[in-house]
Amino acid sequence: MVTAHIRTRNLNLYFAQNHVLHNITMSIHTHKITAMIGPSGCGKSSLLRCFNRMNDLIPSARVEGSIYLNDEDIYSSKANVPQIRTKVGMVFQKPNPFPKSIYNNVAYGPKIQGKISKSEINDIVEKSLQGAWLWDEVKDRLHSPAMALSGGQQQRLCIARALANGPAILLLDEPTSALDPQSTAKIEELCLALKDQVTILIVTHNIAQAGRISDYIAFMYLGDLVEFGESSEVFTVPKDPRTEAYLTGVFG
Amino acid sequence: MHAKERAFVAITHTAALFSLTAVFGIIYSIFREGIPLFDIVPLSEVLFGNDWYPTHAEAPQFGILNLFAGSLLVTLGALIIAIPLGLGSAIFISEIASPKLKEIAKPVLELLAAIPSVVYGLFGMVVLAPFVRELFDLSTGLNLFSSSIILGLMVLPIISSMSEDALANVAKQLREASLALGATSWETITKVVIPAARRGIVGSILQGFGRAIGETMVVLMVAGGSAQIPKSIFESIRPLTSTIAAEMGETVVGDLHYRSLFAIACLLFIITLITNLSAELIFFKRNKK
Amino acid sequence: MNLRKIYSVSGRFSMSLLFIFTTLMLFIFLGSIFSKGYKVLSWEFISAAPRAGMTEGGIFPAIVGTFWLTLISMLIALPLGILCAIYLYSYGKPLWFVNAVKLSINTLAGIPSIIYGLFGMAIFVNMLSLDVSLISGALTLSVLALPLIINTAEEALQSVPKDFSEASIALGAQKSTTIIRVLLPSALPNILTGAIISIGRVAGETAPIMFTAATFYSRKLPASLGDEVMALPYHIFALMTEGSKADKQEPIAYGSALVLLTMVLGISFFAIAIRYRMRRNKQW
């Protein structure tokens, strides 16, 4: 179990001339699930991708401000970005397992970290698959193709793959929007079980889902962090009229 | 880990540099050997002179006009064969053939494209030329006519595959719209699909032109070899490429004849470069749409 | 209405005719080479050296020469080409350099093969004093093959879904690691198909080796990179245009053409078959 504290300070994101995120300052509570919600285009996915510097892959993206992972700014010029990404894992909206075996998918992270001991890797693979509630379903076919799994299984595989790096934080970008209701339910339960291991930051457009699993809510609107607080409070007594409007379905 | 990344970047960049080096190497070598010719023989005499007698002892002549005419004529002849057959095959594959038939038809064109040029030349020499000679009662079948046919066969797959690509890229919705308005399928093909694909088709013809005018073995073996402007299609010709190939063995490195052949190569390079760049421009414009 | 329908049917029919005519030409072509060359084929033909001034014996040295020329040129061109394609796909900056490289590749692809031959002669044979030899020919052929390999490798890389690269980066992999462990393995089948097609092309070229490597007759097989070699394409050409005994040499030329054609077409079939199987087994 790894603990790390992550927070942003005056974070601004630009895509060329587009000012996409305005001065975001927030502190993520460890070993809790924080859900980022808001109407489409509010910037929640872009913000999520700041936490592991995946926005770097977009040529027109520019970041001002800081994100501190354990008091070190991940946007400093000295930052070791690939290292950061092993500590801040990500699961994408559309499951994207490699066209490799189940085993090699999960083992990918440890292998590129330089682990070579077969027994050590076997251990990690098993633990990660167990952590993602996939072990029992695949333990007899670890070397079969990952892409033969169902959508829900593939997504749990992607979670296992991210867990194999031993991250402190797991970023989930609308992880269930491409899945059927049963798989969705399973993954939601999984998140609840995982938060003792990793801090979870989840982007979702499904308010009900946020209500079901989150401890904290961050409501975003047009690039601003409008409200941040405990879910129980935000859902019942939102402080900002825009939050209330969104939660009651005035706009969606 | 950073060192490995830097090394990898260096290696890939170096490999990319090689392609630049190769082009410059080719340009440099050709022009270095060929340009000195023009110190001795004026450019206008070379470009517009009719007489190609490079081995004449006292007064060698280096006029390439007849050779150039030969190249143009055989290329034109090849395109006359290749465009209908190539475009027709492309239309057949893209618009008419069923999916199963497509799987059989495409390999036909791919096979034609894979045949080495020397084998085309052999076929021209031993099968087509005697046939033409018999059919038209000539003294030899090695002439403009026969070489145009073989060259056309060779260039056909280029036109066909690129045109087929262009046709296939035309959006399905366009075809559906046309049919929904009551047009027949042939009208759809001629009035909607082909116009939509015309940039790609023109590009393919340019590529075919470039390939034909640069081809050596076929014309070397089938065109006859006489450095005259032909008075009929059944006369023999000698294009630029076969001149180089046929005579290079007889030259001494560095002498005037040697240089003149390199000078021809320079001209050939410029022609194919212009053709290529034009085709590129046309394709580029198409992609921008 | 009827007239339009007639136009449509006859239009479509004429396209089919054009295609059938093309196919017919292919069959006549292959058929004549096959029937003329078949008579000459024998085990001795393939395994023995030529005798009696090219009028008897076999073409084994030419087969060997073609083999070596192709192998060495591909050993040079494949790694260079794949690395260059990786550069174009993954590292595209600075922009002026990328555009220069792309322009170079397109130019190389359009250069007539006789100019490659002259280039090879001027640079490898003369300037670098490598003489008419296996290595000169192989180097020349490798430059010819380069644009082919780069283009198919680049296409192959582009056809790999971006999801895979994204997942790899998110797991903390460097760009080079992602390329080596995820991109290349996924693109490999398509790269291989392109490489195989390039092999077929290189094996059949005559003009680039005419002045750089090939000889009509050599007594022994090439023992080193510096030796001249016989090669199938050149052999066919020389048999038909040099030498004095046309009636004896012609059949050998057909036989050689048949062997070359079988090699080249066999390779093409192989590539088409691999491509077909890969499409069926595709995991994504």
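Some notes on this structure:
In this document, chain identifiers A, B and C correspond to the written order of the chains, with residue numbering beginning at 1 in each.
Just so it is clear, contacts are C-beta pairs under 8 Å (C-beta built on N, C-alpha and C of every residue); 3 or more make two chains touch, one makes a residue touch a chain.
All values reported here derive from a predicted model rather than from experimental measurement.
Steps from chain A to chain B, minimised over paths through touching chains, total 2.
The greatest centre-to-centre gap from chain C, using C-alpha centroids, is found for A. When chain centres are taken as C-alpha averages, the shortest distance to the whole-protein C-alpha average belongs to C. Computed from the mean C-alpha positions, the centre of chain A lies at a distance of 56 Å from the centre of chain B. Put simply, the C-alpha centre of chain B and that of chain C have 17 angstrom between them.
Put simply, the C-alpha centre of chain A and that of chain C have 49 angstrom between them. Of all residues in chain C, those touching 2 or more other chains are 174, listed in ascending order.
Among the residues of chain A, those touching two or more other chains are numbered 82. Of all residues in chain B, those that touch two or more other chains are 1. By the touch rule above, chain B contacts chain C in their complex via residues 1, 4-5, 8-9, 11-20, 22-23, 25-26, 29-30, 32-33, 84-85, 87-89, 91-93, 95-96, 105, 107-112, 114-119, 121-123, 125-127, 153, 156, 160, 184-187, 189-190, 207, 210, 213-217, 220-221, 241, 244-245, 248-249, 253, 261-262, 265, 268-269, 272-273, 275-276, 280. Within the complex, the chain C residues that touch chain A are 161, 163-164, 166-174, 177, 181-182, 185-186, 283-284.
Interface of chain C with chain B (complex): residues 4-5, 7-9, 11-12, 14-19, 21-23, 25-26, 28-30, 32-33, 36, 79-81, 83-84, 86-88, 90-91, 97, 100-101, 104-119, 121-123, 126-127, 143, 146-147, 150, 174-176, 179, 197, 200-201, 203-207, 210-211, 233-234, 236-237, 240-241, 250, 253-254, 257, 260-261, 264-265, 267-268, 272. For chain A in complex with chain C, the residues that touch the partner chain are 52, 54, 57, 82-86, 89-90, 92, 94, 96-100, 108-109, 112-113, 145, 147, 158, 161-162, 165.
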